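In the two complexes that follow, chain A is the common piece, with chain B as its partner first and chain C second.
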Partner chain A sequence: MSLESQELSELKLKIGRDPTSTELQIVAAEWSEHCSYKSSKKHLKMLPMKGPLVIHEKGYDSGVLDVGNDYVVTAHIESHNHPSAVEPYGGAATGVGGVIRDILSAGTRPIAIFNGLRFGNIEKDQQARWLFKNAVTGIADYGNCLGIPTIGGEVEFDDCYQNYALVDVAAVGFGKKENLIKNHAKIGDLVVLLGGSTGRDGMGGSQFASDSLESEDRSAVQIPDPFIEKLIIEAILEARNHNLINAIKDLGGGGLSCAVSETADALGVGIEMDVNMVHTRESNMHSDEIMISESQERMLIVTNKTKSKKLREICKKFRITCSVIGHIKSGNQMHVKKGKKTLANLPTNVVANATLLDLPSKKPAYLKTIEKEKKFKPISDYSKTMMALLAAPNIASKIWVYGQYDHEVGIRTVVKPGHDASVLRLDNGKFLSVKIDGNPKQCYINPREGAIGCFEEACRNVVCTGAKPIGMLDHLQFGNPKDPEIFWTFLESLKGLTDFANDTKIPCVGGKVSLYNETPTGPIKPTPLIGVLGLIDKNPLIPQKITEGDCLVIVGDTKDEMGGSEYFEYIHNFIGGKCPVVNFTESKKNMKTVLKVIQNQLLKSVHDCSKGGLAVAVSELCMTNQIGCNIFLDKVPGEKLDVVRILFSESHSRYLLVMEKKNLKKVEDMLRKDKVSFKLIGQFNGEKIQFTKGTKSIISLRVDKAHKTWFNSLKDLVLHG
Partner chain B sequence: MTTFNVHVTIENKPGISDPEGDTILNDLVLKGTHKTVSKIKTAKMLKFTIKEKDKKIAQSKVQEICAELRIYNPMVSIVTIDVFDA
Partner chain C sequence: MKVGVVVFPGSNCDRDMYHVLTDVFNLDAQYYWHEKTLPKNIDAVILPGGFSYGDRLRAGIIAAHSPIIKDIQKLAEKGIPILGVCNGFQILVEAGLLPGVLLKNESLNFMCEWTNLIVENNKTPFTNQFKLHEKIPIPIANGEGRYYVDDDTLKQLKKKNQIVFRYNKVVNGSSHRIAGVCNQEGNVVGMMPHPERAVESEINPVDNKPSSLIFESLLIKMGVNN
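For the complex of A and B:
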């Protein structure tokens, strides 16, 4: 954990002298990849960040969207990959804590948590099971203790995450526009550290996150304390109501070093602070340790002398410690003292702005041949294959995961987890729909199209609830960026996301980059994770029970796009083929039309086709509604394809619309008018999921049996190995 | 072969916070009249009963089990293993 030699000479040049040891520690933390985004920042600017609903303020850690009637929604996404890979329980829990404090620092109350989890092969690998089990428990325990519902997410397993974990957490906040904290500071204002005490836990975590994970010999673990977090939330919101906060910043990676330098830099002021004033857990902590400790549940607040009295009272009421550790001064220096002795005195623009890199990129060699498909033996029994897919960890019901999360606390949850996207009721009569999606299998085969696919899938999911996408969060997770081939995949994904965001006019309201995600067997597959927020003005589509005689219409074409599909990877253990490509025109048209049909209240439920293709999507509808369905594969619109491809291709922009028979004609008329590709492909009845082609039965499964397998297999795998 | 009782105490490493211990100290013990207490640390104890040749083997066997089955995470916790005659 130190600066590279050219960075050290650069620092010397910028400050015109040798840095002190404290200065070195501060700069090493702040110039780490984790805090400075030095490899990615130059390129991230390409994402469109502006939009009619986006509110920008300096120093915000979360994105802010205006949802009307003087209310705002805030959103942020973070990961805690490196800590979770060595201590899944604490790592995942503190990840939740961190993202919640980002929401809080805009002055909004956190109202929902989401998580995206990725682990190695849990069928074979005991370590992966251990990581999975403990990460889920960590998130559940932390979120449940806070009284914030965890309402959605996704879980995926892939060999590329062997001995590793990707734990991504997103949070959404809600509040009055007038209560947003507008960060500002005046000379003489006080700098207050509030919350948990500073200890040796999580020492050097940000630099740890910027190194490849090689050994377990690290001490960057943090212990979660959700009860302090809850008190902090309430104390901050009360302080906000009394207008006591001039500026606020969460202490995350890089601890005090980053919080102080970034606050000063964002507000254009200097800060003088004394490490002796920081409340510590142990008495013998070194000043450098105090500056870079990443102890959890801490906030930095700028307030003035008069307000600080009331702030202290609030802290006392909630029994959380707060200490005045310094004050705002003119200039732009970050002046760290220990009593009278100066430990560090650096210009904040130097500390907070590492020199951005322009890393070389090169198209990976493996991509040359990846699209070539292997020939497989024809399948003799599709029903058997289908049952195997329904039991596959990536497809099986995730009830074991979200069943541990309190997803109803706060009584806002209108559409609960287990559907396409979850929906929250807002105080202004509107509804917010949110989903996060990723797909490393497709992103590996085609980083650009794969990333766009994740984005479109998240959009599709919120559209299924009747919501119009209004903002996007991106979380870009890749291996070591110094490898030009990996950096190329990063750039391609980013360009893809930018193009789709520009085309659909969905602004990026927040994001995160996590690099150096390497396992002992090599880099992870490119894993961009996209969160989409959608707004529903009036009526969310709450899925209604499907009954005998209901019709099933598919919107969108099924194409020959098997690359990265669960069918190829899980059934045939084959990585390759052509990755699904989003056709922008088709995508927008389908989204718009489906939304229109939903708004006309003609549908019982809408489900998107994604993992496992059409076959899995239809089966999910049947299983969750305990009803059979006859599907005619000849009717599925799109290219002329063989049975396997119609069933399992994971082409985008496809929606399954379920409606009562009496509404069929109206729906068809609307779809026809908008010229989208659609077909009536089946009808619900009986107790069997039945796919036929011509007169030939291809798949025939009893719903109850399929349901039992799909519903229980993940739980059985985790609990009984 | 002799029967031994082996006590495995699992606690957070020194320097890592212990919210449970702190809460018991601050919100229970110090709320009363027991002002002489300055620290409380929580720990989990597993009591094994094991048949081995001698004390040393009993201890190393239990140590091995704890490491292999991930009964504690060495990143967070330390263990103390005490062996007693049954």
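For the complex of A and C:
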């Protein structure tokens, strides 16, 4: 966990001498994969980052979108995979803390948290259960204490995460455009470290995260303190209101080393600092430890002498420590001292910009045959299969998770967790809809189409609430990039996302790359996670109670795309088959038309078809509304398919539209006019979820029984094994 | 009329409460930092929810020693209406202004869900507009929300009509399904559920009218006093 030999010689060449021990530590932290993106940065540029609503400012850690009326929304996504795999409670909690501080750094108030959690097989694996349970508690304890609602996310289990954890956290902020902090600095300005003390936790965390997980190095995991974070949020926002902040940066991976060098580099100035001035948790900390500690709840602020007085007063009010650790100077050197002694003196552009790599890539051999299907024994009782799917950890209700998150605080949550996407009301009368989606099962079978599928699914989910997608966040999680086959899957996913973003004109407003996600049994499946933000000018679609006689219309074709489906993987334990492919034209057309129908207020509720296919999507509508439904499988539009494929194929671009009977004709007219593929496939009534083909009943389940199983099975599994 | 919203380090429903008081009910509300003093002519005081001092030691216990608590005690003795919501309730209990204690939920987890309350006392400044036994759909969000009193105290509470709200079914294992109580005089009320999260139809999936009566009761009470 230090510089590689060619990196060391490169550093020597660039600075013209041997580096000191502190310099080595600083550069090792900053040149780590986690901080420098050295393997991915060259390629990430392909993503479209510009759009009419995107605001770019230097030194921002979060994306900024203009939502009108002089208001902005900020968004960011991060993961805390390595720490969470070792210490799930602290790892997950500090993951929340870090992403919240990125939102705060723009000068906006964090208003929502989202999380994507992935673990091994919790049905078989005790450790996966332990990781899951503690990661959820970590997120709950941290977010709840901050008073920021955790309003959405997803949970998935797959054998590829055995003894490992993916903990992804996204956050959204909101504020006035005029309050955005425009980072700048003048010579002589003070550099202030504000917040928690620097201790011996999170030592070398970024290097730890940039390597395969071989040791359970708990000292590399940071210790969470949400109470201090809450005080920091209030103190920073108060300081921002008094215009006391010239520039600001959160201390995350790489600690002070990274924050100081990146701030100086972004602002084009030099910084001189003294480690003796840093407030520490222990008295005997070594200077190098102070520079690379990743202790949480710390912010670096550039201010001037006059403003710093008022800043001190605010810190005193909240009883948080702030120390002047240095000042801005001309040039571009990062000069670290201990009293009068120089420990490090490096050009910041050298520190903050590791040499980017151009790693080789090669199509993995397994992809040649993976899309071939296997023959399975015919299923005799589909009702039984359906019940098994409803109880499957990936499909069962996640209420055990989001019930532990305060999702109401802030009184913005209009559409609550448990629906397609969550919706927040904004102060300008508009609404923000947000969803994050991943699908490693499909991404493994086809890294390109799988990634596009995640992107489209997140778009679909926000569309279901009546929102138009305005921005995307990507979080690309893969194994060791030095393996050309893994790097190929990374590139394929990235290219796919780029193509869809360009085609739909949805800009990427932020992202993160997490590599070296390796478990003792090998690399994780490619796991890009996509967050989509959507904006609703007025009238979000808040799902209304479905009642007797309501009609069910499906939009979009069902295709023979069973690869990566829950049916193949959970029921038949088979990895393979044809991965669902998004048809861009169809996707855009369906999105646009569904939005139009929603805006005309003709619908009671819209739900997308994803995990578990049509069968699960319809069942979810029935179970959450406690009403039965009769679905005629012959009517489902698309290729001519057998029953299994109509029920369980996970084709994209499909929406279930629920409406009162009196609106059916109007809806059908609109859909016909826009030439989208659609059909009335059923009507809600009675107490049974029924799928029929011709005159033959294929599935018949009592709603109350199905609901009980779906609602309780994840909780029962966690609590009782 | 003037309503004070007390802010402790770690309060996080203060802004929500302020929004409801000012934007929804047009009241003159003001924040009071826990180290400040409360004016003598204040008409009502609300302690909002949150995690004062990060719930360290026990929810509410550190905030109960804040300087502002002395003022609240004096105002309580004078009969000024005081409402504690969630963490505010925990603080009032820890400060000895209300009986009982709040323990960890039976599930041992933080719980955020919509519940139904039943009004058991419609004589307090925050419940005078309710019919007795009226139902209120309202969300809870707490980790230490299980109200507990011993049997003798429970008898006393019943006798003195100090039980203000009960859950309509078992939610967290609280004694006698109690969700909110008042002092013997009835002017100090504490409740675990969050009325400020339920008064606007946009965010209330069931019915926002009943929760609104908590604030309307206060308005009527003040109207009578003025």
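Operating definition for what follows: the second predicted complex is superposed on the first by the 719 of 721 C-alpha atoms of A that agree within 3 Å, B and C clash if a C-alpha of one lies under 4 Å from a C-alpha of the other, contacts with A are read in each partner's own complex, and residues count from 1 in each chain.
Going forward, contacts are C-beta pairs under 8 Å (C-beta built on N, C-alpha and C of every residue); 3 or more make two chains touch, one makes a residue touch a chain.
On a predicted model such as this, the values are computed, not experimentally measured, just so you know.
**Q** Judging by the criteria at the top, classify the pair chain B and chain C on chain A as clash or fit.
**A** fit
**Q** For A:410, using the defined touch cut-off, is the partner it touches chain B, chain C, both, or neither? Pick first, second, both or neither.
**A** second
**Q** Between the C-alpha centres of chain B and chain C, what angle is opened at the C-alpha centre of chain A, expressed to the nearest 10°?
**A** The angle comes out at 60 degrees.
**Q** Who does A:147 touch here: chain B (first), chain C (second), both, or neither?
**A** So A:147 only meets chain C here.
**Q** Looking at the overlay, what does A:87 touch: chain B (first), chain C (second), both, or neither?
**A** first
**Q** Thinking of the overlay built on chain A, is A:200 touched by chain B (first), by chain C (second), by both, or by neither?
**A** After superposing on A, A:200 lies in contact with chain B but is clear of chain C.
**Q** Determine, under the contact definition given at the top, whether A:119 touches first (chain B), second (chain C), both, or neither.
**A** Neither chain B nor chain C is touched by A:119.
**Q** Does chain B (first) or chain C (second) touch A:225, or do both, or does neither?
**A** both
**Q** Is it chain B or chain C that touches the larger share of residues in chain A?
**A** C
**Q** Report the closest approach of chain B and chain C over their C-alpha atoms in the superposed model, as a whole number of Å.
**A** In this superposition, no C-alpha atom of chain B lies closer than 6 Å to one of chain C.
**Q** Under the contact rule defined above, give the chain A residues that sit at the interface with chain B and also at the interface with chain C.
**A** Chain A residues touching both partners: 225, 227.
**Q** What residues on chain C touch chain A, complex-wise?
**A** Within the complex, chain C contacts chain A at residues 9-10, 12-13, 15-16, 19-20, 33, 49-51, 53-56, 109-113, 139, 141, 143, 194, 196-197, 200, 202-203, 205.
**Q** Looking at the complex, which residues from chain A come into contact with chain B?
**A** The touching residues are 86-87, 89-90, 130, 196-197, 199-201, 216, 218-219, 221, 223-225, 227-228, 281-282, 295.
**Q** Using the touch definition up top, name the residues of chain B that touch chain A in the complex.
**A** Counting only chain B, the residues touching chain A are 12-13, 15-19, 23, 70, 73-76.
**Q** Mind pulling up the chain A residues that touch chain C in the complex?
**A** On the chain A side, the touching residues are 137, 140-141, 144-147, 225-227, 230-231, 317-319, 402-414, 416, 425, 542.
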